[in-house]
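Two complexes come next, and they have one chain in common, chain A, joined by chain B in the first and chain C in the second.
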Partner chain A sequence: MTATTTEPRPAGKHASEQAAETSPNRPRRQRPAIGPKLVNSLGAAVVIALLGALWEGYKALGQAWDDKIPGLGWKFPVATDDMSMPHLSAIFHALTEPASRADSTTLFSYLITETSVTLREAAYGLVAGSLLGLVLATVFLYSGPLRKGLMPWLVASQTVPLVAIAPMIVIWGGKSGAPPWVAVTGIAAYLAFFPVTINTLRGLRSPSRVHLEFARSIATNRRQQLFLLRIPSALPFVFAGLRLAATASVVGAIVGELSAGTGRGIGRAILTFAYYYSNGPEKLYAAVLVAAVAGIVFVELLGLLERLALRHRHTA
Partner chain B sequence: MSVSRSQRRRGLVRFSVALIGLAFLASACGGMSEETSGKAAEAGKDCTSKTKVKVVLQWVAQAQFAGYYAAKDQGFYDKECLDVTIQEGGVNIVPQQLLQAGNVDFAVSHVTKTMVTREQGANLVNIGQVFQRGAYLQVAWADSGIKTLADLKGTKVGSWGYGNELVLFAAMKAAGVDPKKDVKVIQQPFDMSLLLKHEVDSAQAKTYNEYAQLLETKNPKTGKLYQPSDFTAINLDDSGYASYEDGIYARGDWLDDPKNAETAVKFLKASYEGWGYCRDNLDGCVDVVLKAGSALGAGHQTWMLNEVNKLIWPSPQGIGVVDPKRWKQTIDIAKLGGVLKKDPDSGAYRTDLTEKALAELKADGFDTTGDSFQGEQVEVTPGGE
Partner chain C sequence: MTTTEISAPIIAVDGVSKRFNAGTDKEVTALENIDLAIRPGEFISLLGPSGCGKSTLLRCLADLAEPTGGTVTLNGKTPRAARQDRDYGMVFQQAGLFDWRSVRRNVELPLQVAGVDRATRREKAEEMLELVRLSEFARHYPWQLSGGMQQRVAIARALSADPSILFMDEPLGALDEMNRERLQGELLRIWSDTQTTVVFVTHSISEAVFLSSRIVVMSARPGRIAASIDVDLPYPRTAKTRTLPEFFDKVTEVRQALYGAPSDQAV
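== the complex of A and B ==
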């Protein structure tokens, strides 16, 4: 590819956008300089370091004052001994130790392997749940009675505690002869469909009256309006929903694993380490840390997808 | 500026596609299905067809269930032409639920819990009582002055609840301590942190698990592991209060089909052989468990298996045979605690399937009683590593 200074216009841009881009009042969007980027990453590093310092500082204070505020005698809300709050260094050290005598894989790579199982369950659940959400939103757009009738039930479905639902889904899944991970995926989908439905519906209704009237005036039918106007303008909303759904599906997969006898996944690892907590508290913290980081990566992957889909928009 | 925006965008697009593709590629490799060991494939080669059965455990893979994992790994199930799937238990899900729902063919469960389910109308039958002795301990600090159950009066007693308190309360009542008035019962999580932090005066523990966790913990004062002399452990079984724990269950109506009864005999036979393997090969069996479980500590699992072996062996009447006296005591304790209203009917347990399995095992030269069994001295490792 040769470097060009002139920019080819992406097809299908609104005239107004083009006008805005070339208008002298608005500064032309340029590649951000290295400076702000560096500041951002430095800032993130500082925040993480501060959080770490807060953990260690609280622990050190508690150790020095015997978990009581001097003079007042108030107890610290969380005890600071190594059992309750292992040192950060202990947590990171645990990650480099072998996970078990059976083989030499480190705890870190063991946790990553287990997390990949969980993220796969979450990804399948996210896809299934999102598809359901998109279909529901489209149906609701055109059918008021269905929307009014079903929406309260959808809301109710999300307020029922997951710990009550999960065993039921596991039993149903097992009855149908499906392997346990299918139930886990089902639970992930169960949590994922809701934000997609709500956000997509909002997005589909987001075109302004002017746009809709214009579409009608040029004799477009409903389907054309849906595909040419409503869906494109719904995309940012859909992605906002998908982001929520992605976090929810990871939570669903982990909670699902606690109930389902899959034997694999980060949820099971967390369960085991919680069970043997007094044997190695830092292992539980390490597992939770890896699960959290994996969740972030999962959601960020979706963010990339969003930038990809909305790359021709300024709002992206 | 030399690099255009579109180019930058194309770079981003490519990068994203590559990253997402990579993520899916990484997720495409195994982890969701289980593998068969070489031994198992070899043992099952003479079978024309295999019967698929599922067994659900009470909890995650650990040495408490070593016999079943050993039977699978060593090909004992395959030898009987069974294709066994071992499903681990989980939070909020109990084996008897899955058995009753028909998700699994066999369940490993306690007598009391299963009989409560039976009283509610589920036709669940004990077909093999693997653990002959009870594993409950009540552990206190040695310097707390608690030496016997009677000393618990006026103290904070940790208990797991969910039926685990029954044996303890029955034993306490017999020792003259009213669990409702004389003590403060504190709900205990499944580790020993409450006792270690002195938030309770005594805590429940099982010989094969939580007690070892205590000994695997470093004493922050000395920097060395806690010693048995630091604790008083009151063994409820030794005090004469035993409740039958892990046994094998199936549905009564399922067993009515002679074909299924035959499958059950095969399953029992192979499972008992697995337990025999674990009795005679402590280290080999621990390795099987470590392979099956997630990041388990070898030291802790060795301790667990050794203690579990002591609960099973010796079995004077043969492994899995219910002793009516012990059965009655288990039921009486449950009735005393108010969880069972009346005695279960006579169909609640049957010994014929186990006896048939044992007869076949004896014919093969297998030691079904383990009369000469003596536990080993297992070295405690820090953190159970």
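== the complex of A and C ==
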């Protein structure tokens, strides 16, 4: 994305200083007639169509050849019957059917409702985890002993399997009398804080020597150095961390729902459809599809925020 | 500007030494026993080969490095106090502008740090941009400017808090020859407009001769002052100055101070 939307570097753009000096009012960005954005959107659509064709093509071949490569007798890695690989049309059709016999709402609107519950938990978790990450990074910037003492524990916290941690958090949440979604949010935050901490710390330390010496030459105090130089320098790094944290918080919320007895959320829905897989495999595929699309939308919303925050930088 | 003029030095360097890795087997003496007095309004160039300690000396003046011996006084204060009082502005070889701030907001930065109110610092920044003739680029961002223009913004930024001293560490070193000569002319105009004292580090002999009222020639290993040469070419100096026989005589004089008497040997 960046390679096609950024302008050439200033060095290349201003081969002749004379030209630059005489055209002060030149527009900030020049776009070609067919924007790179349109090309990207078309490309994305083509990729999605190809993936769909691959799914259906593989299934058609398997059905025609009885899941064996003719002549060699090798078996297909994945069976192609309707139980293993429902038709795309069946998956999309399932979305328009009622979610259950007891309920007349369509599967699609049911999934959207549950997904919005999950995304809300993920968003709260992302905000809480990111705030913690930002604070930790700033503390670590100024305190070497704290950084060296705590960092191994933070790394350890992320290597312990989530399935072990999640029930603990749910139980602690339950004991303290908080509603179940609080524990789910806690699990999302638990996964989100780490990439934000690491990337923000890296970013806070990213100012070049000339920037730091200039800041010293104008007698910035520590607070000014942080707010006028280090934090602005860190922003691109912070957003890289936030993107990772956003995906992690969605995973955390979904896994959290499985452990918590919330009865709500897309994680819960996926678990239910997995349990009744043989009754309707296309429902599980539909749920996974909706969860995946929702995750993409969630992360892209963050990307929008990033583009807004970094709009004046030549890398943005 | 003549050397016989008697005024108290604005910058006084007394017996300054700087050793790196002192006490280890990697000890390097960057500066040894430097004495230097700079009077208000002078344009001083510190000239010498790479590794002669000219940048280290400038950094000691600016409180970006600490001498291991001797004392430095700026405006009668320690370098630290002078830095805290923003008595000097500094320009580096790289412009070092803040990418995320417009040109005007970059120039405002020293004033913002000093706690000057928004309206005043905006007015001052616009005045400074006029000084370096970049008013129409106030709303641009640094990456939209060429290297030479960025360096002019850096000069405006260094001067925005009205310092009495301007330190410049090879500020034109990254520019091509044409831009370099044009900026030298600009710099002399800015110097005469603002009446600041300039200490300018360079390794270009012709640059030092064209700009300076006095050239401090340094030699390497250990860094010492080899000569102090007054350049009595009259100001304002112009493109024509570069063609005068007196200019070439001065270049030759400085070159001899650097390398010794000319011979047929390759330098």
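One rule holds for everything that comes next: the second predicted complex is superposed on the first by the 279 of 316 C-alpha atoms of A that agree within 3 Å, B and C clash if a C-alpha of one lies under 4 Å from a C-alpha of the other, contacts with A are read in each partner's own complex, and residues count from 1 in each chain.
Everything that follows uses one rule, which is that a residue touches a chain if its C-beta (ideal position, glycine included) is under 8 Å from a C-beta of that chain, and two chains touch if they have at least 3 such contacts.
Treat the numbers as computed from the prediction; the structure is a model and nothing was measured.
Novice: Please work out whether A:224 is in contact with chain B alone, chain C alone, both, or neither, and reply first, second, both or neither.
Specialist: second
Novice: Quick one: is A:148 in contact with chain B, with chain C, with both, or with neither? Answer first, second, both or neither.
Specialist: So A:148 meets neither chain B nor chain C here.
Novice: What is the contact status of A:37 with respect to chain B (first) and chain C (second): first, second, both, or neither?
Specialist: A:37: touches no partner chain.
Novice: Would you mind checking which one, chain B or chain C, touches more residues on chain A?
Specialist: B
Novice: Give one of first, second, both or neither to describe whether A:258 is in contact with chain B, with chain C, with both, or with none.
Specialist: A:258 contacts chain B only, not chain C.
Novice: Name the contact category of A:68: first (chain B only), second (chain C only), both, or neither.
Specialist: In the superposed model, A:68 contacts neither chain B nor chain C.
Novice: Could you give the residue numbers on chain A that contact chain B in one complex and chain C in the other?
Specialist: Residues common to the chain A contacts of chain C and of chain B are 10, listed in rising order.
Novice: Give the list of chain A residues in touch with chain C in this complex.
Specialist: Touching chain C from chain A are residues 9-11, 14, 17, 20-21, 24-25, 28, 208, 210-211, 213-214, 216-220, 224, 228-229, 232, 235, 310, 312-314.
Novice: Show me the residue ranges of chain C that touch chain A in the complex, using the header's touch definition.
Specialist: 62-64, 83-86, 88-90, 92-94, 96, 98-102, 109-110, 112-114, 136-137, 141, 143-149, 161, 167, 179
Novice: Quick one: in the complex, what on chain A touches chain B?
Specialist: 1, 3-8, 10, 29-31, 79, 81-84, 99-102, 107, 110, 113-114, 116-117, 119-120, 123, 163, 166-167, 170-171, 174-175, 179-181, 257-264, 268-269, 271-280, 283, 301, 304-305, 307-308, 311
Novice: Residue numbers of chain B touching chain A in their complex, please.
Specialist: Chain B reaches chain A through residues 1-10, 12-13, 15-17, 19-20, 23-24, 26-27, 31-34, 56-57, 60-61, 87-93, 97-98, 101-104, 189-193, 196-197, 213-214, 216-217, 220, 287, 290-300, 383-385.
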